[in-house]
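Take a look at the structure below.
We just call them A, B and C in the order they show up, numbering each chain from 1.
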Amino acid sequence: MRGGGASGLRRRVLPGFGLSLGLTLAWLSTIVLIPLLALVLRPLELGPAGIWASLAEPRVWAALRLSFLAALAAAALNLPIGLLAAWVLVRYRFPGRRLLDGMVDLPFALPTAVAGLALTALYAPNGWLGAPLAALGVKVAYTPLGVMLAMAFVGLPFVVRTVEPVLRDLPREAEEAAATLGAGRGQTFRRVILPALAPALLAGFTMAAARAIGEYGSVIFIAGNMPMVSEIAPLLIVVRLEQFDYAGAAAVGLAMLFLSFLLLLVLNLASRFWRPA
Amino acid sequence: MSVEILGLSRRFGEAQALRDVSLSIAARAFVALLGPSGSGKTTLLRILAGLDFADSGTVRIEGRDMAEVPARERGIGFVFQNYALFRHMTVFENVAFGLRVRPRRARPPEAEIGRRVRRLLEMVQIPELERRYPDQISGGQRQRVALARALAIEPPLLLLDEPFGALDAEVRKGLRRWLRELHAQLGITIVFVTHDQDEAMELADKVAVMQAGEVSQFDPPDVLLERPANAFVAGFLGHAARLPARFQGGTLRFEDPGLGTLPGAALAVAPRREGAALAFVRPHEWEVRCAGEGPGEGPGEGGRNAVIRASRPAGGRRHLEVDLAGLTIEIEVEGGAGYEPGRPCVIRPRTARAYS
Amino acid sequence: MRRPGGEPRVEVAAEAPWVRRLAILLAVLVLGLLLLLPLLAVATEALRRGWTPVVAAITDPDALAAIRLTLLIAAISVPVNTLGGLAAAWCIAKFDFPGRALLLALIELPFSVSPVISGLVWVLLFGAQGWLGPWLQERDIQIVFALPGLVLATIFVTFPFVARTLVPLMQEQGRSAEEAAATLGASGWQTFRRVTLPDIRWALLSGVLLCNARAMGEFGAVSVVSGHIRGETNTMPLHIEILYNEYQFVGAFAVAGLLALLALVTLAAKALLERSGDLARLRRPPA
């Protein structure tokens, strides 16, 4: 029913509104809201000074910095790869296209522990890719580079799947018009296609980054987890929990949430700036 | 089944969809709700069906207050604008739905359901489609399925929301005729919403003209055209030139001096008050006299105040576009040749409907 | 509705053939390297010494216990989230009420929370030093480091899947079919079962499959609440980690292969559903 305000509680034609909303709210509160409330309230036991002290350790800073910087780098790496994949999948027909299309979702479906294990095996100094890279002097496994690589793996489908529908709906007439106006293919891509895809790229970047920041399973195997070097923030939470430092663990969790929120806010503002309408 | 609507109002946020609407629809009537988009006609129809609820006012059907009766208990047939067919059901199952969902006691046996569905499909002239799915048939056929589905519950009152809106002109015409016959044959009350005045005039025996949430006039088509209740109806129905005028001493004086005056007795509708008025003149209500030879009687009198801009034949008559000091007026005249473009003429209305 | 076949289009605005070929080659290469190679690595590592150790690793009592526990957790969490997702989709898609957008955003919240945090919140509530910890200990109720905690963490992580698949589809379908059913005299339950459900069944199945894949594969959240008790609170992903840390690589990769297989089956089923079912309609422009 349309109309809010005073008439918001008026009768409804279709049945089951009260039941379904009640179920939803009960489900949402018990599973998500109350537990997250615990996360927000728990660090308060420490008091502001206590929270600060708990977070001000260099090890915490290093972990948070690694999680966020690696996530941003991974999302940035995903932009060209994701755009290429989306472009090829939408615009071209070739044998094996459907297989490629299905493969893109693999990181969504593959359990993170499996991905972590597999990436480690590949990029370890004796792995298929690790060995040749080591010969070139590039060390991937057990370094921040490995962390970023694992994050790129889990984030890639977000970019592809947000760009794909926009690219599919892009009117070909615009490109044809550009061609009739004398634009070369490269110019058309830069001036007509890319600007139209920019909001979707940014959205995909945001989602990939958000996912990567919190990623745990695929990262910890390849990271090596050296404090101050390749230890990610979620692992620090686990470490603190193992030391029964609940409030400290919650403080790190809260800091992660807060920083993620800040990042999302900035990226959303950026997307609004991009599309003033 | 008679329908009594009293003081119905409905507001959606800031927008007043219905404003104190009252209508009395007789049993077995065929009524059109006609108006521009946003005039509230669909809202009114949905309230009748129990798919929406008024903020105030009452609906009585066959004398019974409908306020507490939910849609599923009203037994009113409703045909949706986009048909709202169940996509995953065959045509047969769509039509049978209303019978199958009845409580066990009232549910007809399977053989009876089959008989009734086939009879309905026969009636809407698509018996061969019963095994098809909605996305395998044409728009006109879907319309018929939607009708058959609504009729399956044998509703004494059938409501249709823009029933022919999505169909092309040819199909529309056929379906209109067929719906009129259906009405005569079934003897039920039908109320339908449309924004197409030809459709309303052709089908309905009474038309409610709606504007901005209010019913401007509720009358048979002849009366609507002959004696529009207000300036909106006069301008909305049929073609008419809109001319500023003054009503004084029982005489209508057009602001444009060349058009002269009309005595009160010549007016189809006279203004209620003296003073400024708006006059409507239909294309066939003009007198045209042109200079030189040809139709009309010799040279025009009273000045050359108009020029023919365009002229085309229209079934034994002639349709003119006449420029009157910058105002384009559509005129229909008897006879054929002699009204070539560029010719100066004198025009004056024979009658008018004027509103203060 | 048959849409007229697209006119053959002369590709005025297209890349040169060599650009095309290069782009396809590059995409296949990069995606293959990044996505497919890891999968091959799992298979190779697992089969390094033939099938015998693989079978042994999977039929090991601890592994079997992990498989059983994983199945049990999924069997509890997936139905709960299916029911909740259906209820949420019904009220969000079929009714207007203030706060609808907020509700949808809250439902999607678990997607943007780190899995570790998804486990942490339950420890904060029910752990030994959690809010309810002492109260539970007095009554000898174990939630964290036991099945209830594992289930709760899994439900949290897989919470949005079903609702998120259904809401856009049901919003696109609108309400008129349900309204039509109401005018024809159908009750609420009849409307849901005969009109709504058949129209969303493939999407629902797809959402359930994804939910299930994640429920069985979840690592971070269950890792925090598990306590890693072998044969008792170890799920398959956790079992992989233990084996790996104990340098039993073949065993770790064997169990990982099993989970990878589950992922591949899920993906194949999802692709199949999207091509044939109601989700295909959502992807196609409405005729």
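The working rule: contacts are C-beta pairs under 8 Å (C-beta built on N, C-alpha and C of every residue); 3 or more make two chains touch, one makes a residue touch a chain.
Keep in mind it's a predicted model, so treat the numbers as computed, not measured.
If each chain is drawn as a node and touching chains are joined, the picture has every node linked to every other. Contact analysis places A-C first among chain pairs (by count of C-beta pairs in contact). A straight line joining the Cα centres of chain B and chain C is 53 Å long.
With each centre defined as the average position of its C-alpha atoms, the distance from chain A to chain B rounds to 56 Å.
Chain A and chain C have centres, each the mean of its CA atoms, that are 16 Å apart.
Contact of a single residue of chain B with at least two other chains is seen at positions 50-51, 70-71. Those residues of chain C in touch with two or more other chains are numbered 179, 182, 187.
Residue positions 1-4, 13 of chain A each touch two or more of the other chains. If you check the complex, the residues on chain A that touch chain C are 1-4, 8, 12-17, 19-21, 23-24, 27-28, 31-36, 38-39, 42, 81, 84-85, 87-89, 92, 94, 96, 98, 100-115, 117-119, 121-122, 127-129, 152-153, 156, 172, 175-176, 178-180, 185, 188, 210-211, 213-217, 221, 233-235, 237-238, 241, 244, 246, 249-250, 253, 256-257, 260, 264.
Residue ranges of chain C in contact with chain B, taken from their complex: 1, 176-177, 179-187, 190, 194-195, 198-199, 287.
Across the complex, chain B meets chain C through its residues 49-51, 70-78, 80, 82, 84-89, 97-98, 100-102, 135, 149-150, 152-153. By the touch criterion stated above, chain A contacts chain B in their complex at residues 1-5, 7, 10-11, 13. Of all the residues in chain B, the ones that touch chain A in their complex are 11-13, 50-53, 55, 70-71.
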